[in-house]
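Two complexes, one shared chain (chain A), two partners (chain B, chain C).
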Partner chain A sequence: MLTFRDIPIKQKLMVIIMATTTVALVLAGVGIVAADSLLFRSYLKRDLSALARIAADNSTAPLQFNDPRVAADNLAALRVRTHLVAACIYRPDGTVFARYLRPDSNSGCPSAGGPDEQRFSREGLIVSRAIILNGQRVGTLVLLYDLDEIAERMKLYGITVLGVLLVSTLIALLLSTKLRAVIATPISHLVGATTSVSETGDYSVRAQRFSRDELGVLVDRFNEMLAGIQSRDHNLRTALHDREEALRDAEKARERFRFLAESMPQKIFTATPGGVVDYYNRQWTEYTGLTFAQMEGDGWKEYLHPEDVEPVFEVWTRSLATGEPFHAQQRVRRADGAYRWHLSRALAMRDPQGRISMWIGSNTDIHEQKEKEDELRRANEDLQQFAYSASHDLQEPIRNVAVYSEILAKRYSNLLDADGRQFLGFLTEGGRRLATLIDDLLAYTRAGVVESNMTAVDSSAVLGHAISSLAEAIRENEAVVTCDALPRVHMGESHLQQVFQNLIGNALKYRKEDPPRIHISADHQGAAWRFSVRDNGIGIDPHYKEKIFGVFKRLHRDQKYSGTGIGLAICQRVVERYGGRIWVESSPGQGATFFFTIPEHAPRVHSAAV
Partner chain B sequence: MPRASIPPPFNLLLAEDNLPDALLVREAIRMENLPLEVSIAPDGERAIHLIMTAEKDPEALCPHVLVLDINLPRIDGFEVLRRIRASEKFKNLPVIVVTSSDSPADRRQAAALGARYFRKPVTYDEFIKIGAVLRQFLIDNGLI
Partner chain C sequence: MEQVTPSGFRRSKQRAARLLCLAMGIGLGMLCAAGGAEEASEYQVKAAFLFNFTKFVEWQAAAFAAPDSPIVICILGDDPFGTVLEQTVAGEVVNGRKVAVRRMKQAPPPKSCQVVFAGRPGKEVLKLLPGLGPGVLTVGEGENFVRGGGMIAFVLENRRVRFDINQAAAENAGIKLSSRLLSVAKSVE
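Take a look at the complex of A and B:
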């Protein structure tokens, strides 16, 4: 059963209006009737008092002359007041002197009360009035008035109120039918809109606004809310769509990666950002003879050579901490128990926020290459040692030739003719030149050896040493050597000095007429420092810019450019030994700028004491 | 030109296998008029023998200065130097390493063993400067 709360707003409004109207009218009616009744009673009292006074005044003479008949006639004149039931005159002794009784009355005279009083009794309103003659009370007049008039008035009022109630209820009903629409229609529309949204899920629906009142505001807010929801719904749908698409793409990418990984000859693995290996391709299981379950997580320690576990773990841990590429050479055990050298690399894959999402790594069998490299390295070291010993041993006899031919020339030249002296000169000069060449060869050999226990050196200080060594040449050439702030680099101090010295020395040597101006600077490029030595000298034909780095390659036979032509070869050997490169940018007459790079981090090198 | 006061001669042991170089060192000493008696050991073994004999025998010739080539036959110069530094009597012997080598490793090793370093030059005039170097060396070591 529907309660008041559950009935539609239209009906609720009607009930409220009708109930309010009825209650108001009934209360108003009751109030009016009650007030009128009170007023009327008061009026009756006043009216009857006046009547009693007049009647009392008229009764003094009959009482004086003791003529009850006249008194009764006087009283009978009061019959025009139809509601007067009785009028009686009492003598002072309380006996009735004269009276008038309405014909239909069946009661007698009302008892006389006090000399002047008005009181309502069951029979009606009783009014007593003393009859005074010459200041003396000669009698009392008592009137009894029935209250039927009040009842009649109340009845009339009741009918009027009821009539008004009926008419006003009717009008209220009609009015409310019209007016309730003002409130109920917008609400109905609002309800319609919400129902439509909830049933269809279409947030583009809008409720119609009918007014600027609270309902209008409610509709506006509701519409704004709908717009907000619509926009969020749209964004949500777009995001969902994008996410679905991304998931599809990711799945596709995963499939593609897996296919690629499985079809590659390399051993591929992936690891979580924390470094736990979570995927190995088929090549791994085939090569190691281990199952994925045996290799996953820390299982890689199983197949790695025991000597490689710790260093590789250290490098791997460092990469995990820094996010830098992992790079290691390691021995991996084959199913038959043989260990083969592998080059292992892994790169961190990052999400758009730059966070590492996974590591992807590959292992390439470099066993043959590694063996050949080792062989080559040993051969190189042997060759280097041989070159060093050979040139060292060569120095002694050459010095003998150079110094003693000079002594001969000094002490015995008078025993020789002009040809003999010239030939001796050739011998001395040849010996010296040979000694210089061997010195250079030795320097070149040493340039190929990277110092062990290398620490970072301050390249500004090293440049300072190089400039000091060249102080005399700088002064003679009136050269100006300037430099910017230079970094600390991982490089043997003597090697760096050798490079600076050779490059600045060349800049001094291959000068133009103007005093040489040489500037040294360095900038950071990727994972390396790039040094530059710029001069304003004669420059180099681009055609020769590779050739000049060859051993004993000289572009000028001219005596004014002395030297064996090994300086740049030494520079190149030093720089390349440290993992850098050297090149020149120049054009003839425009000066030259030599560049060389040195990796920021210390290279892993083999060392030999030479 | 003779000096005003001639100090007592000191013994210089020259460990050198290359006779032309040994002659040049002697010529430099003579030209610099240094109060040195030069004895030559042509190999490392001979140099050690002379030192060890001097350590045991107070009558034997006692070197005050050693001029040492590195590239010596039998036992190389650094080994000779290490043994001298290990001896009680000669651990503080003034030593100049005179060699053709320009290797930084050799220079470092010589310095580590407390020896002066002189690289043999390829011209007579430069070579003969070893006389002046020796004079300064004797002064530095309080011998003259």
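Take a look at the complex of A and C:
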């Protein structure tokens, strides 16, 4: 069974209207009847009291002159009051003097109560009144009035209330039909709209607004909410679509990358920003004979040469930390167990925010190249060894030639004719030059050897030693050598001194007429120190800027500038051995400035490094 | 010669009982007599009526000698009441005035009597009436009394005491009779 809570709103409205109307009318009816009953009773009391007073006054003379007939006639005149049941006059001794009884009355005179008393009894309203003459009570008048009138009035009221109730019920019924249109219809429409939305999922539905009251506001808010949901739904669909598209694009890009990676001759891999390798191309598996599962993650330790694992891991870790490109040479085991040299490189790929999204790396087989390099290096070393031994072994005989030709020239020149002395002079000169040449060659070959147990040296102290060695030449040339504060660098002390000595020596040699002025300074350039040696000499034609660093290259053939032409070659060889470079900036007649760089940190020397 | 009966005068227990019966039944002589041990005599009823008339009559102020003068009931000629009338009016006050009884043989001087009861023989009394002047209520016995110029006359009807009224005579004398008195009169002229 439906409770009141569950019945439709239009029926609720009807019930409420009817209940309100009925309660109001019944209460009003009861109130009116109660009030009227009270008022009527009090009116009746007053009315009967007045009647009793008049009747009592008219009864004095009959009482005084003992004329009950006249008194009875007077009382009979009261019969026009149809509700008067009885009217009696008592003598002071309580006996009835005269009376009037309504013909239908079946009771006698009501008993006399106190003087001037009104009381309601079962028979009706009883009014007693003392009959006073000349200040003396000469009798008592008693009236009995029935209350049929009150009952009649009550009945009339009851019928009226019932009638009004009936009419108002009819009006309420009519009103509720109208109210249905005002309240229930908009609600029905709203319910229809919500049902439609929930059943079809179509958020473009809108509820119709009928009024500007709370229901209208409700409909407006509902529509706004629907609009909000519709727009959000649309955005969600668009976002989903975009996301699907992006995923498709990403998938496409990945496939393209895979295809590219698979089609390349190199071994390609990718790694997460944390350095975990998550992709190897087909070339890898074919080369190593390992499955992807064996190689992924830390699997690279499996195929790398045991000696290379630690150094490569160190470089890889540094690249992961700094984001700088990874660069290493490593030996990778082939399926047949042979290790081949590979150049491994990896670059960090960054997202638009600059964060590393992945590492992409390639391994190129450089085994043949490396073999050739090693071969070349070995040949070079042999050659150097040979040159060193040769020049070392040549030093002694050459010195003998020079020494003895000089002795010969001193002691026996007088035994020789002019031609003989000239030839001897040629011999002596040639011997001296040969000795110098051998010394320089020796220095050059030595320059190719990097000193072990290298520590940082104070370059200004080294410069001091170089200047001391050149003290005589400086004095002869009346040159002025100045310098700024110089740093400590990781370099062999003798090597640095050799560079300084050669460059200063050059500046003294290629001087102009003016006394040479030479200035040495150093500044920081990236991860290296840049030294400069500036002079005010004859300068160098830019055309020869590169050539001057070749072995035995001399720009000036005349005797004015002596030398073997090996000094700058030695400088270049030393500087490059330490990972730096050397160059000159100059123009003829404007002096020249030689620059060379030395890396700030000690070069890493290990078997896998370049 | 004037004699005023003092009020509250008691003579014997028996008289007191009669008085009580009278006091209770003022104007109800018959009933009192019917209920009492002895029947009320005709003159006992007449005495009560005579006193009661004073309650339904209005005198002009000029009818009294002074504002506080009593209402004097004068019995002219023979006195049929004996002491009954004195007993009836003893201690009574009507319209703020005491009530007194006097007996006289000659016509009273003006303002000395407000009620004159003409005892027998009535014919001599009738002659005196014109000389009484205004303001005096005259009461007599028999139909002839009112025809002769009297105002109220006691008559017997079926052994019941009643009275006739000559309203014109009363008006001529400046006396106003209450309509209630008229309503219980046997006849009014």
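Here is the rule we use: the second predicted complex is superposed on the first by the 308 of 610 C-alpha atoms of A that agree within 3 Å, B and C clash if a C-alpha of one lies under 4 Å from a C-alpha of the other, contacts with A are read in each partner's own complex, and residues count from 1 in each chain.
Following the convention adopted for this analysis, contacts are C-beta pairs under 8 Å (C-beta built on N, C-alpha and C of every residue); 3 or more make two chains touch, one makes a residue touch a chain.
Here the structure is a predicted model, which means the values were calculated and not measured.
Asker: Per the contact definition in the header, classify A:Asp93: touching chain B only (first), chain C only (second), both, or neither.
Answerer: second
Asker: If you count the residues of chain A that each partner touches, which comes out higher, chain B or chain C?
Answerer: Of chain B and chain C, more residues of chain A lie in contact with B.
Asker: Scan A:Asn66 for contacts with chain B and chain C and give back first, second, both or neither.
Answerer: In the superposition, A:Asn66 contacts chain C only.
Asker: First (chain B), second (chain C), both or neither: which does A:Asn58 touch?
Answerer: In the superposed model, A:Asn58 contacts chain C only, not chain B.
Asker: Go through the superposed model and pick first if A:Ser494 touches only chain B, second if only chain C, both, or neither.
Answerer: Touch partner of A:Ser494: chain B, not chain C.
Asker: Sort out for me which residues of chain A touch chain C in the complex.
Answerer: Within the complex, chain A touches chain C at residues 57-58, 60-67, 70, 91-93, 95, 133-136, 138.
Asker: In their shared complex, at which residues does chain A touch chain B?
Answerer: On the chain A side, the touching residues are 388, 392-393, 395-396, 398-400, 402-404, 406-407, 410, 431-432, 435-436, 439, 442-443, 446, 494, 609-610.
Asker: Can you name the residues of chain B that touch chain A in the complex?
Answerer: Contacts found on chain B: 18, 20-21, 24, 71, 100-105, 120, 122-124, 127.
Asker: Which bits of chain C are touching chain A when the two form their complex?
Answerer: 24-31, 49, 52, 55-56, 93-95, 163, 178, 180-181, 183-184
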